[in-house]
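The structure under discussion appears below in the form of structure tokens.
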Amino acid sequence: MCPGSFDPVTYGHLDVIERASKLYDELVVAVLVNEHKQGMFDLADRIELITEATAAYGNVIVDSFSGLLVDYCRDTQTNTVLKGLRATSDFDYELQMAQMNRELGGVETVFLPTNPEHSYLSSSLVKEVARFGGDVSRFVPAHVHARLSERVAQRGD
Amino acid sequence: MCPGSFDPVTYGHLDVIERASKLYDELVVAVLVNEHKQGMFDLADRIELITEATAAYGNVIVDSFSGLLVDYCRDTQTNTVLKGLRATSDFDYELQMAQMNRELGGVETVFLPTNPEHSYLSSSLVKEVARFGGDVSRFVPAHVHARLSERVAQRGD
Amino acid sequence: MCPGSFDPVTYGHLDVIERASKLYDELVVAVLVNEHKQGMFDLADRIELITEATAAYGNVIVDSFSGLLVDYCRDTQTNTVLKGLRATSDFDYELQMAQMNRELGGVETVFLPTNPEHSYLSSSLVKEVARFGGDVSRFVPAHVHARLSERVAQRGD
Amino acid sequence: MCPGSFDPVTYGHLDVIERASKLYDELVVAVLVNEHKQGMFDLADRIELITEATAAYGNVIVDSFSGLLVDYCRDTQTNTVLKGLRATSDFDYELQMAQMNRELGGVETVFLPTNPEHSYLSSSLVKEVARFGGDVSRFVPAHVHARLSERVAQRGD
Amino acid sequence: MCPGSFDPVTYGHLDVIERASKLYDELVVAVLVNEHKQGMFDLADRIELITEATAAYGNVIVDSFSGLLVDYCRDTQTNTVLKGLRATSDFDYELQMAQMNRELGGVETVFLPTNPEHSYLSSSLVKEVARFGGDVSRFVPAHVHARLSERVAQRGD
Amino acid sequence: MCPGSFDPVTYGHLDVIERASKLYDELVVAVLVNEHKQGMFDLADRIELITEATAAYGNVIVDSFSGLLVDYCRDTQTNTVLKGLRATSDFDYELQMAQMNRELGGVETVFLPTNPEHSYLSSSLVKEVARFGGDVSRFVPAHVHARLSERVAQRGD
């Protein structure tokens, strides 16, 4: 199971998802619904964008959850969470969450290092660049790029 | 002197406080009053929860302060601040504050490494877990747990 | 070109700017206008404070920009950005931005390590200390100090 | 597949191996033969000590290899390497090796964070403590402890 | 000036050298002669390999030095040293050296972040892979690869 | 108690020792005798150099030990070890040792951050600079400088 906000999905996420999909029989990509944080895309959009982006991998299922990751894992009988790891500063936070999730629900977290050529990508950075009119076509798939441009245009100047 | 937000106190804090109380004749635990940031518990509650949790140590005094740490140190004639240190990412920030406090008021900061089994604990993570109905009884003392459950229930869904 | 918020400029910034001004024929200090984030000083004030602080260096030009750094670099035909680097935790973020800027616009970022005696300084920490009445005269030039005191007095009660 | 020197195996290794053995149908623990570095235990001893320590897990096979990890993976048709991760400083080195192994042989490395209570353990530290007569019985299984004491007694004066 | 051991030069070095050569009128690549550490290639070989690899850049001069970097800088009237920076763990060490060199001789060090796709490369890792018969043709230029294979064949059994 | 190799003592060590001496009634500086590692100065010299350098502080006692730190602490009835902390990369290693020493002997380690202006100093770097004829008079007291120059002259040609 691979959790995240995916607001929106980037090539950084897709690199980790594709590689993880080859390591497991089935991979659930679970979009975290954060009720307190308004994103750029709503849940339905995020799911649609990931579903299209991962369709070719064959064994990836897209789902969503709110609340605690360990509750979602218990409900879906998942015992392994997979996360991409980019840089040292990610590591401390992710390690803290991993220890907490094992303590709370016996859920193990395994980390897959991000491909170095995507190590500087994040959804928030991609959105910031897009908002200022920068070209993000190298960072997200074409259908995500189209939707991102649309959204930025709506919000206006 | 051991400063912090303690919103609320966790076993991570208590581990550091207990160990520090054995290294010094007297240890003041000072709750920082941050006027700009609304916490889960108000100052009186935080002080009450820590006071009960540290009563058994004998030489721990609970106090509070607002404003600059160095002003509080000057007013109370304290020259040493003690902080728990969990992970590398804590370290850079805490080091910056320590250098600033020495420069501003000649106050020295000594760091006591958190017991590794509590290294993933933080008040904010504990509150987040509690809000979603997770079991935090292993992370805080029973009286803190009770008050946390009460508070979460009040806020409701 | 040396970008930043400079809200306000500190001796930490000035150390980097002065040293950088000796490495290049001309150095542009570019104040980033962030429309979403209200600072303590407005753009005109920030520019005035830096201009006065860097007048003695001879080859420093103060400018401002909004939007993407790479667009500003393209418009001003700049291909090198220079940033001060204080601590490990700065490094991960700055590295991510540097990779993104090279990818977006072929802009190279070079890092100049902050003088260790200024390694704990930041504009936000200086402002926080000033707000609580702490003495920041060792952290900023006299004219910045005066303006900072004025501003704090206006706000405070 | 879980590679390492295991000179000798500690509770830190065993925590990772036990948890990993629950995530996979079969786990190969592969002792790296380093011809240039003389260890405390020879290959046969290391294998024997791990085999005894992991017998109870049921699905752990102990093997050894020399040369490149990617060659061993190719020969044994393994595409996933699992490593424990303790601290930030481990992370940079392990990330470098992981990227190299993916580039060289398409081998993916997944990281499992070490249980925090074992985060300070390493074979070399355990050996150093044992050499000076320190009690390492909490860090290694009883049969490893016995062999370690024996070895230290032989060497010592 | 860009110092290093270059034993041998890799695509990681060349990426930094090529990008640096565009930022300065002239770039001196200076091979450090370490009398206490026997490398795989002697000084003449290292210089020859770099000279061939950097010939196309036009403004790169290859030189060598022994002793202190600051003495070499003084003798050649260089006031800026440029270093590639790969990962967080590089950073602490390089920062220490940079501060020391500024203190000793007023020499400034600027850091250029390594292209992420080369972030896992190092001469020592490339040599280790080559010694075990791994394919390093993606990590070094063809003429370096040829010489490396030759050297490994001579040493081998 | 403040342990270390002190081969030789630098202004970085002395800054930590002086500040620590003000925090405690009595401070023991304990030179670690490492039988396997030949230093530049022998134990008697190191003790002499520190004793002279710390004479003015009044409450500093210089001692030495071999073997485990926890055994020395037990024999001298010390329960607190104080270490200077310079940079992030120090932190991981020192944290590991601190956890081990608490586990082995109930010895607590507190960390005092090094003054930033000495953050780049280490005995080994000072010795390296001295060996190549660099001026280290700003890094060590005059009597250490004299002895270091003598030693380098004896060795060198």
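Which chain is which? They are A, B, C, D, E and F, in the order written, and residues in each are numbered from 1.
One rule holds in what follows: a contact is a pair of C-beta atoms (placed from the backbone, for glycine too) under 8 Å apart; a residue touches a chain by one contact, two chains touch by 3 or more.
In this text, all values refer to a predicted model and were calculated from it rather than measured experimentally.
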item: Set of chains whose contacts include both chain E and chain C; value: A, F
item: Intersection of contact partners for chain A and chain D; value: B, E
item: Chain whose mean Cα position lies farthest from chain C; value: D
item: Copies chain E and chain F - rotation angle from C-alpha fit, nearest 5 degrees; value: 120
item: Chain located farthest away, centre of chain A as origin (C-alpha); value: F
item: Interface residue identity across copies chain B, chain D - same or different by half; value: same
item: Centre-of-Cα separation between chain F and chain A, whole angstrom; value: 48
item: Centre-of-Cα separation between chain F and chain C, whole angstrom; value: 38
item: Chain B and chain C: spacing of chain centres that average the CA atoms, whole Å; value: 33
item: Shared-contact residues (touching 2 or more other chains) in chain C; value: 87-89, 92, 95, 98-99, 116, 119-120
item: Each pair of chains that touches, named by its two labels; value: A-B, A-C, A-D, A-E, B-C, B-D, B-F, C-E, C-F, D-E, D-F, E-F
item: Contacting residues of chain C [partner chain F, same complex]; value: 87-88, 116-120
item: Interface residues, chain F side, partner chain E - complex; value: 87-89, 119-122, 125, 129, 132-135, 138
item: Parts of chain C lying in touch with chain A, wherever the complex brings them together; value: 67-68, 70-71, 88-89, 92-93, 95-100, 103-104
item: Of chain A, residues touching chain D in the complex; value: 19, 22-23, 79-80, 82, 85, 88, 91-92, 95, 98-99, 108-113, 116
